[in-house]
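In the two assemblies presented below, subunit A is common to both, partnered first by subunit B and then by subunit C.
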Partner chain A sequence: MFNLACFREPSERLGALKTMATNVLAENAPAVTQSVRPAVVDCDVHPILASSTALLPYLDEYWADQLTAALSPTYEPNYHPRGSAIAQRLDATLDEEGRAATTVEALVKDVFADGFTDFAILNCLYAVQQIHQPRREAAHARALNTWIAREWLDHDPRLRASIVVPMGTPRAAAEEIAYWAAQDDRFVQVLVLGQSELLLGREINWPIWEAAEKAGLPVAIHIGGVFRQAPTSVGWPTTYLEWYVGQQANLEAQLCSIVSEGILQKFPATKIVVTEVGFNWLPPFLWKFDKLWKSYRPDLPWVDRLPSELIREHVRFTTAPSDGAEEPGRLDNIVSRMGSDQMLVYSSDYPHNHHSGSRDIEAGTTDVGLLDRIYRHNASDLYNLVVPTSSGKAE
Partner chain B sequence: MTIIESVSAPGTLGAPIVDTGVIDVDIHPTPKEGLINTYLPKKWQDHVREYGVRTTNGLQSIGEYPQMYGGAMRADAWPESGYPGSDLGLIQEQLLDLHNVQLGVLQCLAPGGQTLNPASQALNPELGAALCTAINDWQLEHLVYPEPRLRAAIPVTLDCPEFAIKEIKRVGSDPGVVSILGLSKTLEPLGSRRYWPLYEAAIEAGLPFQFHLSTGGGHANTGTGWTSYHTEYHVGHVQSFQSQILSLILTGTFDRFPELKIMFVEGNVVHFASLLQRLEYHWKTLRSEVNLQRRPLEYIQDHIWASTQPIDEPDDPAHLVEMIEEFCADNVLYASDYPHFDFDSPETVFPPSFPKELRDKILRKNGQQFFGLEVTES
Partner chain C sequence: MTKYVVASANEIEPGQRKIIELEGRSIGVFNLDGEYFALLNQCPHAGAELAAYGTIFGVSASEGPDQSIEYERGRSLRCPWHQWEFNVRTGESWYDPRNTKVRKYEVEVIPGSPEEVVDPDGGMQKGPHVMEGYAISVEGDVVVVDTSRRRAGTQGKKVPTAPCAVTQSASTA
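Moving on, here comes the complex of A and B:
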């Protein structure tokens, strides 16, 4: 049912993988020729699927019938409650229903309005992962990715996207990654959620890591969840704010699992982008993890280096929300505690609304070089996105 | 054996005296084998013999993550017979005398043996209550009254507030009791109204809470499923504490109970600073949901304490001091975790550059304030 002619040529995925493997250390970033520079990449923007009926053209007959017969339930996540202050910025371009980011025109207009952003990565949070029926989850993930390609990526060359995968069936998730990697290099990343049914490092989830590495794609772990169990280890939180802020705990659990289970040894080109969960919490977590790794060396014999070293090498964090890093000196402080200026990549988290603007983090540092890493180089190490220096964009 | 005379004679023990010494908020005693049984009514002795103590795992007598080495005990802390922490003489020699501990608070996680599944987590609340009573009578008789430098945190059936309140009323006024022992893993987050009657009773009894690291509770040990390896399991404890602190603040529990004092034990310190900065930031956007009377960070000073062991070890020791101050330098207390392998000694736990004034606060002054002791200048 797809018009394959409109897809781009298969990209040199093997080449990309090799590049990635040799460039795990950011010092070895790809050589930038005189005619191009690393792009400013907004690593987290959210297109919104307002109604599941928009997927009908991209579902086969069986799944389209199933959707229609069920009165088209829309798995809109409540990760950003629609009426609350976090849902959308006050200055966002709205559709007729008063919603932001439901059309490519509105999103592109707002995201690139600053004349600074060169590329934006679409992380669609439509919650296929919360569909319990595994075959339906996989079919809807395929339809959603096709919708992203046709109705978003095709409309603006500055857009890139993450592949939404059916997390409930890792084998199917791997197939989804391979499917898009083979035909559309505008999909530059894999998207999974911070709360999974089984920790992401578990062997049952290895097909996802294997496929991502093979495709040369980073894996974004974004705030959100499959809600198969309580989202904390002590039961269900009472408030949304508690859930949202508290998801950092699940990201700690995921990073701990990924390192402990040996993902970074088994799939050494793996890159992870912790997205929309803050980053101020990382240093205490690294100190705790390092200390216990030293105590329990025989528990994880394959983890042959300090967990903090592995995490500094393989994991990146998006900058929005800042969790307050724009306070004078705070960003410098956090980066000093992280022990690396290569871990932060810029994001706006459009259209979500936070207490500070996405570029306000500049007030948290006096280090221009750090900002250059955050805006350009760190993302370039992940996605190899460049723009011509003659584009007239501000350097 | 009967309920102990000393328990029914409160007042025979003076308040702890701390002048130049150390306050240690986390010491683990273990009853000698079979001893707790003698404090149980016959009905429960029979029950335990026949059915054991059922908790939220399916194992006969261990927890879901058995300790990796030697019960996680200090190798030198094993007495000639029995478990580490079961010999008062050794506790005195290796801890109280050697490190000048003038107030040591007992965190009895037994009778789980090598597990951290303690009495208060028995699924049968009547049994849990009987076990908590037995432990409290045992620790007062065998440890606190013979050695008044030791004082008791009393385990209670947290997830059955009715019996927990009974136990607080029964034994909470004994001068040997200085706090109520809760566990980090609960059925619901600690801000849940389920626990509010318990907080009311604690305040009435004038007792603070100590919530010690634990397993169990009724959920997977992370909010995203069970961990595989012991390292992950152990790192993951701080995540439970994070969930608890958010719940306590955001449910308005501290607004409802302005006198409620909560200490988190063995849950690290500096991660709370980052977490609460994050909370403060997002509260600014979403405050309409929760209607708090104060900014989130303002609740720390009056309500939330954290103990140091296992001490956070950043590469740069200056970061430790900075982040303790970001949390609240008045609300951090020293803990040894004797007799466990990751014991922190008061002499060596702080890096050499650690400010003396802050060290004194953590070793002594903050504890004097937390336990409401007379403050004597050293």
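Moving on, here comes the complex of A and C:
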């Protein structure tokens, strides 16, 4: 029973193969017979909206005037305050105000600098989700996604993006997902935040899961929040340190909720990418979840397998921050404890600055096959991104 | 291969159980609405007296979080310590029936009083509790537990189960 669960249905695999044929980089347009390989995907890169006025061209007249009349407040969430150690790496290309990742030129220059990364997925953290007025939130989400498409995706074929959704109104979030899925396949994922108003498994949030599944898109759960309530489950922390570290516990609560509320039975094609929250905390959490599930299973009779088994099948984790996995043997160790080499996907978390470089995780293992899974195959399984083998890159 | 007479049929009322000792092992014999089942009185998890103090419970199942919950009473035995569920008919745990199970014994009810069914030359034997604690002249049917069909025990030697994802990495590599 352990083995079967992880294999895709044959029909699903066929679909993926068909997509592979069409998703190749345009600039290297291959002959029909050209072979492809899974792309190296940087699964978490952050474009920064420097000013809310940049959204004015993408808001309709009513919402543009509303923003202007309010003196164009920013909804910059300060998840990574500009002066803090984590905000931007020291070698990043900066704009005239000293900020990284505010222009597509600067971001592309840095993210693809090593000639290794084939695609990068943009997760824009500008916090439309913190707008409490539902229609304003939806309007700004649409504007932000349009800004991402026009100002970023249109300028480099190696960029992909997550759909920012108005989390305050799940029905509107579902509409946003359907809107982009129908017209722009460069949006390869849905972005939600780890601190939601109600747990992500709750029925009120099902429209988001339903729409993502229907569109065939993974859902990234990223560090961040809607701030309708305190950002930890027991109240307001007083320091940034507490907030950032504390989000890990929120992700445990979200995974508990998603599994327990039956999201993975109700929407069985769901894929989740836990993003920028680390992963070293996962094994003890899974152990406890499994252990207690054996005692309380009758509370959730639709969960017919070990929670860890469901999470291994449906949930992925980005590699930055690395949680110390770059120490010799540590990456092997964590993968062994996770019980799967298919759960980690590569990310740089550019421009954010963590204690180790994006690819330092290579020092944590001697298993090139594992690195190949992390860099290429695991993300390829999620996003169907491939490049021609003739691109001259190392295989 | 031994069958033991452990009680007269009217001794264990529906919904009741009797703890007996056969061949040095403590065993619980249950009467669920006239059907008899016997399980080893020891939880394979941490050793609690599962049969003596476990709760007869129902088994719940559902196709999904918005689907109806099917619930059938009298199907499981839940351990008093950690409430793990065991199928009272098979001894299999709900969550891992192959690797975690409690030993089950065959039970039958046969007509006749103990004197009539016990074979002095082997075969059917008087269960110790019957001999010691109960008059063997009780009229009517008797409950017989069969200790002969042993299955491999699982305590202390769990079969390691490979995590799914690791074993199939070649498929997409």
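The working rule: the second predicted complex is superposed on the first by the 361 of 395 C-alpha atoms of A that agree within 3 Å, B and C clash if a C-alpha of one lies under 4 Å from a C-alpha of the other, contacts with A are read in each partner's own complex, and residues count from 1 in each chain.
The rule is short, and it goes like this: contacts are C-beta pairs under 8 Å (C-beta built on N, C-alpha and C of every residue); 3 or more make two chains touch, one makes a residue touch a chain.
This structure is a prediction, so every number in the text was calculated from the model and none was measured.
Visitor: Going by the contact rule set out at the top, does A:Tyr244 touch subunit B (first), subunit C (second), both, or neither?
Guide: first
Visitor: Which one hits more subunit A residues, subunit B or subunit C?
Guide: After superposing on chain A, more of subunit A is contacted by B.
Visitor: Please work out whether A:Glu261 is in contact with subunit B alone, subunit C alone, both, or neither, and reply first, second, both or neither.
Guide: Touch status of A:Glu261: both partners.
Visitor: Per the contact definition in the header, classify A:Gly339: touching subunit B only (first), subunit C only (second), both, or neither.
Guide: It touches subunit B and subunit C both.
Visitor: Under the stated touch criterion, which partner chain does A:Ala230 make contact with: subunit B (first), subunit C (second), both, or neither?
Guide: So A:Ala230 only meets subunit B here.
Visitor: Quick check for you: in the superposed arrangement, does A:Ala253 touch first (subunit B), second (subunit C), both or neither?
Guide: first
Visitor: Touching A:Trp293, do we find subunit B (first), subunit C (second), both, or neither?
Guide: Both partners, subunit B and subunit C.
Visitor: With both complexes overlaid on chain A, does A:Asn353 touch subunit B (first), subunit C (second), both or neither?
Guide: The answer is first: A:Asn353 touches subunit B but not subunit C.
Visitor: Pick out the shared contact residues on subunit A: the ones touching subunit B in one complex and subunit C in the other.
Guide: On subunit A, the residues that contact subunit B in one structure and subunit C in the other are 261, 293, 295-296, 298, 300, 339.
Visitor: Can you tell me which positions in subunit A touch subunit B when the two form their complex?
Guide: 84-86, 194-202, 225, 229-242, 244-246, 248-250, 252-254, 256-257, 260-261, 278, 280-281, 283-285, 287-293, 295-296, 298-300, 321-324, 333, 336-337, 339, 353-356
Visitor: In the complex of these two chains, what residues of subunit C are touching subunit A?
Guide: Touching subunit A from subunit C are residues 57, 60-67, 69-70, 82-85, 93-95, 161-169, 171-173.
Visitor: For a test of understanding, state which residues of subunit B touch subunit A in their complex under the given definition.
Guide: These residues of subunit B touch subunit A: 68, 184-192, 217-232, 234-236, 238-240, 242-244, 246-247, 250-251, 268, 270-271, 273-275, 277-286, 288-290, 310, 312-316, 319, 322-323, 341-342.
Visitor: Which positions of subunit A touch subunit C when the two form their complex?
Guide: Subunit A reaches subunit C through residues 2-7, 203, 261-263, 265-266, 293-298, 300-302, 304, 306, 309, 312-313, 339-343, 369, 372-373, 377, 380-381.
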